[in-house]
Structures are given as C-alpha cells and as structure tokens.
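The structure follows.
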Amino acid sequence: MPYQFEDLKNSCHAEWHAYIQHSFVQQLADASLAPEAFQHYLKQDYLFLIQFARAYGLAVYKSPTLSDLKQAKEGLKAIVDIELDLHIRYCEEWGISEQELANLPEARATLAYTRYVLDTGNRGDLLDLHVALSPCMVGYGEIATWLNSRAETLRGGSNPYDAWIAMYESAEFQDAMQSEIRWLNERLADVSSARFDQLSRIFSDATRLEIDFWQMGLTQSD
Amino acid sequence: MPYQFEDLKNSCHAEWHAYIQHSFVQQLADASLAPEAFQHYLKQDYLFLIQFARAYGLAVYKSPTLSDLKQAKEGLKAIVDIELDLHIRYCEEWGISEQELANLPEARATLAYTRYVLDTGNRGDLLDLHVALSPCMVGYGEIATWLNSRAETLRGGSNPYDAWIAMYESAEFQDAMQSEIRWLNERLADVSSARFDQLSRIFSDATRLEIDFWQMGLTQSD
Amino acid sequence: MPYQFEDLKNSCHAEWHAYIQHSFVQQLADASLAPEAFQHYLKQDYLFLIQFARAYGLAVYKSPTLSDLKQAKEGLKAIVDIELDLHIRYCEEWGISEQELANLPEARATLAYTRYVLDTGNRGDLLDLHVALSPCMVGYGEIATWLNSRAETLRGGSNPYDAWIAMYESAEFQDAMQSEIRWLNERLADVSSARFDQLSRIFSDATRLEIDFWQMGLTQSD
Amino acid sequence: MPYQFEDLKNSCHAEWHAYIQHSFVQQLADASLAPEAFQHYLKQDYLFLIQFARAYGLAVYKSPTLSDLKQAKEGLKAIVDIELDLHIRYCEEWGISEQELANLPEARATLAYTRYVLDTGNRGDLLDLHVALSPCMVGYGEIATWLNSRAETLRGGSNPYDAWIAMYESAEFQDAMQSEIRWLNERLADVSSARFDQLSRIFSDATRLEIDFWQMGLTQSD
C-alpha cells in the first residue's frame, strides 16, 4: 500500500492538530488577537519568507530532473517576485515600514524552523526538503479551510485579520497547495517503510516548529 | 586594527553576559538546580553532540587546506570517539540509559541552535561555521572559569554537579578552547569591517540560541 | 591596493589566453569549424546550462543579503526562462531536436567544469561560487570582442556560426558581463592577499576546465 | 526482486569492463608501464585522497543515523590517519617528496571525478554519495583480483609495481570492500526502479570518470 501525504499527518496527529488549531489562528479568526501579536507575526513572517526563498534556491540546486528544477524556480519566483512585495505592502497597512522590516532581528522560532528546513534539505534529498516545507505549504491552506468551517470565525470588514484568511483560502493558494500534495504523493508512493519513518520524523519536527512560530506571534517573543 | 575573537564578544555584550551567567549555570554551581532540569539538559546535550559531530564533518568537507581538514577531523574524532562515550557514561550515573538516549526526541532549543550552526556553515565558508560553533567551544570554558571565581560556587562532593564544572575547567578543555580562539584570531585579523559585521550577527544569533539551550534545561521544555 | 577582476586574469595569463583564443573559437570565427564539432558543442552546452541553473539556485541559497538573493534569482530566471529556450530553438536550427537534448549523456568535460563550480560554491561562500562561474560569464563576452577585432573573423551570412558571435557581442550579454565584473570588483576590493590566492586558484582551475570544454567540442569527445 | 550492487555494475557493463581492465592496470601488472606514468598517477592519487577525505566529511554531515555517522568517521580516519601517510611514504620510494605533493596542481581527470562525487553527495542523499564513491572503493579490489587471475601478471620483486597490487589484494582492503558492498546491498534492496535508474546514472558517470583517471596516468596529462 503506497504512502500518501495524509499518512505524514496521521503519523503526528496531535502535533498537526495543535498546529492547525493553534490559539493564534483561532484568535485571528474571531478578531480577538492583539494587534501587536499580529504585527510581531507579520514581521517575523517577512524574515521567514526570505529563508523560504533560500530553501527554494536549494531545491533548484538539488533537483534531480529539469522538470523538478523548473518547478522549484517557479516557487522561488512566486516568493521573491510576488509574495515578498505583497507582504511588504500588507505590512505597511499594519504600520510596519519596509525600512523596519530590513533591520529586524530574527526571533528564535524563526531561526529554528527555517534553519531546520534548510539543514534537512542539505542533509537529505529533494523529498526531505519538500517534506520539511510541507507543514507550511499545506498547513496554511488547511487552516483557512478549518477557520471557514467554524461558527466563531468572523469574516468581512468587522475582522481586521480578514485579508489574512482570504489570502490562504484563495483559489491560487489552494491550487498551489494541491499541487504540492500531488508532488509529494507521487514520491511517497515509492518509498519503503524505513524511508517513510525518516520522513515522518522530519514532518513531525517541522510541525512542532510551526506550532512554535504561532506561539512566538502570540507571546510576541524574540 | 585587526579584529579578534574578543571583538565578537563585545559586539553582543549583553547576550554574552546572559549566556555565561545564566541561572542554569548559577544554580548548577550552588547546587540548587533541580536534578530533573540537569537530567533534561544532559539528554538534550547528547543529541546536541551528535549534531556537533555533523558540524565537524561539514568542517572537514569545507576545509580549504589539508591542515584545516586534519584539524576538523581531530575535532570530529574527539566528539565521536571520546565525548559521546563520556557523555553516555555520565548520563548513566544520572540514571539515563543509553537506550533512552537513543530514542529521545530533540527539544526545540536543540533543533534551533544546531540547525542554525549547520545552515550557517553550509551557506558561508569555514570561518562562518567556526564563528557559529564558538559560543559553545569558548563559552563553556569561560563559564567554568567564571563559576570558579564566585563565592557562591560549591565545589567537591557536596555539589552533585561538581563533575560538570571539573570537565570544563580541565586543562584539556581549556587548551582546546585556547586553540579555537587562536584559530579564530588568525582569520579575524584578516577580515574587512563588512565581513566582521556579518560574523558578529552570526555570533550574536548563536549566543542567543545558547541562552535558549540553558533555558530549555531550566524549564525542562521539549 | 584593492584587488580587481583583472588581477584574477593576470594571475593565470597563459590559461586565460589559451581559453579566449582557443582553436575552437578561431575556427568558429573563420567558418572552418566542422559542423559536427559545433553540434557536439551545442548539445553539451545545453547540459552545461542546466548545471549552471543549479549553480544559480545554489547562489540563491548562499546569498548573505536579500539583494544578492534577488540578483541570483534574476540570473536563474534568465537561464531557465530565456536562455534554455533560445538554446533549444538554436539547436533545432542545427538539426538537434529537444527530444535528443533530453536524453544526452554528459561529456567528461561538461561534468568536470560544472561539478567543479558546484563543489567550489558549496565548499566556500558566494564569492567563491561567482569566481568559479566568472570564466564563463566574462570569457564569452571577451571572446566575442576579440573575434570581432580579428581580420580572419567572417561575419554575416557567409559564416554559419555568425549568430553565435552575435549573441555574445550583444549589448544584453555585454551588460550582464559588465555587471558581473562590477559585482566581483566590489568584493575583491575587500579581500586579503591570502584570500586572493585562494580565489586565483579557483579562477585558474575553472579557466582550465573551460579550455577543456572547447577542446571537447573540437574533438567531439564524450 | 530487490536490487543489489551487482545490478549497478550490470547497468553499465561496458564501462565497468573498460575501467577494471584498463591498459594502465594491465601494464602495471605486466611491468610494462612507464615509471613516469606511474609517478604521475601517484601524485594525482594523493590529491584524489584529499578530496575523498572531504567526501567522507560530507558523509558524516549527511548521515541520517548515528551508526552511519560513526562508519563515515571511521572511513575518514582511515584516509587521513593511515592512507595519506602510507601514500606519502610510497611516493617517497618513487622519488616524489612530500614537499612536491603539497604543491601539485590537480589534473583535469582528478578535478572531474572528485568534484562529481562531492556534488552528487551534496545534491542527493547518503546513498547517492556512496554510489558515486563505490567505483573507487569496489573497483580497486576487483582489479587486484582480476590481475591475480591473469597469466600475464608478474608478481614479486621483478615487478616494480608489485606493492600496488599487494595493497588492494590485502585482506584489509578486501574486507573494507565487502563491507561497502554489504552497506550498499542493504540500501539498494529498498529502492524503487525509478530510484535505481537515478543511481545507475551516477554509478555509470563515476565509472567513466575512473576510466579517465587511468587514462590521465597513462598519458601523463595535466
């Protein structure tokens, strides 16, 4: 029976749940989140994006086929040419200038997750790298869906964080997420159980570090 | 005026101070540290050592000269052939079996510091890697010296943590520390101020992540 | 006295000369080159481009600043989105199908130069990587200029290889070359003589491997 | 049906044959090899060993388990603490001083094979690295066995190259070779056919570059 992405989630069900349903996103959805917590998150998410661009550069380097290389290049372009600019403009709406973003120190939770992903990618192969990236790629899309399914979630102009949910529920993001899941499913179908155990450990560690990223936002920690 | 290792410490004086004089080591020195905190630290330090062995493997790979390569190989041998075994035996004295060590999950603070070092080494050159390692290499020796200078520090059989201080005050460790400082001083003498600024950022980030490692021990966090 | 890119060329004058004025390019310029030799070169140059894309991915990963990262991303985009397609279409004009390109084995000279660049980049920092890439980036532009200065060079429809010279004499390529030289000059201005000696060795090795690449084309070797 | 190391050899039978039975080793065995060719080979083999030490450093870094890490560390120790010294002494017997070894430029064939191995290791995982190393590890042992099976092979004092054959027929080398084959068989048993195709390409490229290494010795090429 071939493995699937779903099996990675099931291998660390408690952590995945704690990540998807973290207080940070619940408070964001019911508009009770402190603006300072959201601003802290936004700043660190900018630094996170830069490290994710490095991860996509690494994916280009590690690609075993031209098709993988082109896909990694597209991901890199999306981050650097589109997402970084969107993020900078969104930060401006929240009173955070590009100048401020350029001089921020990285919080521990940012260092932890991003460097874990990058080292995992260097140590292993392209699949290890994608598995380490997947809690971010897939989780944000799943969070948007989960929030939309809850009565407590406030949408529209009465929620200052509405645009955040809108971004991750968008067809564009959901399509990218599905495409990542397909890529992973194709590779996971091919791995042995020993290899799957390695990948589960990576997925579970990366998910724990995502939980810490929410927590860092919530508690505004450095 | 050539840069020296001392300049790295001065560039993040507050962080360095917070690391060297952390409550964890103060409590360890006056014997007030909870045994569970020390055991938690010992377990994570074992996982830390394995990642440090990986860092020395990386240093072998990145060495620009045969002399650097041989030095990195000696460091690797010391960790794998000596320190790991010492650590396993020391853990046994504290009631932690080798079997338990082999199955431990890495705490966040362990993931954070070790993967930061490894990514920094991959991203930059051998000097970047050494600077990222130096808060550990040099800090532990400095901590032992500082603890010995304090009236509050309890030495001998009345302090269950005495062997820990003894290890890092030992001539062997202090010599290794001095040799690392000399290696760094030789390279730092040669760098421009722009390069020094890069290295200071690395040193300061690594020091912050060392602080978190003590804090992880103190609070027994995963 | 700060170092400059010119100093790298002067440090291996004989090799640089042998590369720029190689029989392959002389024959290409006076139209005496065997079409089979040119076709062999074109095929291997396609495989070379794919590895160069990997090198730019690596440059993204290794970038110490966002500005370096964006520049590396632009280089990657140029290779994957523009140059690869141009190359495929140019190969078609010479009777080489995309299908054939997709199944080619890499010649030794292709493996040698490209893997040397990639390992040099991984081992050292972004400057090491750029220096290893520079014989290609700068040399092709210099070759076009040198060929245009020679009476023996045949331009226009009577030379089947005219389009090759035209590509590298183009303002677009010459601008990219000048921009690479400026980037290198800024960094080289900052290095010590010990560091310059390391970089000279890299530059000289990379230049030797470029000579072999021409020779591989000329002798149609695997 | 699980894959085995034997399948890698069969996937490039012609290349493997051309490597194991290369004129260089045939001439070495019947004592007809020019001493200058052997000396050229010995010099480059010294530079090769240094790069192989880097490859074992990389294997330490990439090891997914402590057991793999320890094995890679042992390989590194064997190269740096034993083989390099043996090689230096053997070179002295052939009139090549350690001073001369320290200042040699790397021949193209040396650059090509070693950097291919190192980039393959960085790009993929520990298995990719081992497969790229295996033509060297296994081939030399197989060559000694094959030479000993031939009537043309001259053993003892009448063959100035006798010590070379003796080294690779030794129980120590043959055991190391068998242990490498076992390690590979365990991992290959677990791979899919798509993965095996990737590994075959690596094995075949590495074997071609080994052929070039013999050819470089035979023709005394830079």
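Just so it is clear, A, B, C and D label the chains in written order, and each chain counts residues from 1 on its own.
Quick note on the criterion: a residue touches a chain if its C-beta (ideal position, glycine included) is under 8 Å from a C-beta of that chain, and two chains touch if they have at least 3 such contacts.
All values reported here derive from a predicted model rather than from experimental measurement.
**Student:** Farthest from chain C by Cα centre, which chain is it? Let me know.
**Tutor:** B
**Student:** Counting C-beta pairs in contact, which comes out ahead: A-D or B-D?
**Tutor:** By number of C-beta pairs in contact, B-D is the larger.
**Student:** Where the centres are mean C-alpha positions, what is the separation of chain A from chain B, in Å?
**Tutor:** Distance between chain centres: 31 Å.
**Student:** As a quick test, compute the distance in whole Å between the mean CA positions of chain B and chain D.
**Tutor:** That gives a centre separation of 37 Å.
**Student:** Could you please state the distance in Å, as a whole number, between where the Cα atoms of chain A are centred and where those of chain D are centred?
**Tutor:** 43
**Student:** Touching at least two other chains at once: which residues of chain C meet that condition?
**Tutor:** Within chain C, the residues that touch at least two other chains are 54, 61-62, 118, 122-123.
**Student:** Spell out the part of chain C that touches chain D in their complex, as residue ranges.
**Tutor:** 54, 105-106, 108, 111-112, 115-116, 118-120, 122-123, 205, 208-209, 212, 222
**Student:** For a test of understanding, state which residues of chain B touch chain C in their complex under the given definition.
**Tutor:** Those in contact with chain C are residues 61-62, 64, 122-125, 128, 190-192, 194-195, 198.
**Student:** Can you name the residues of chain C that touch chain A in the complex?
**Tutor:** By the definition above, chain C touches chain A via 50, 53-63, 66, 69-70, 72-73, 76-77, 80-81, 102, 118.
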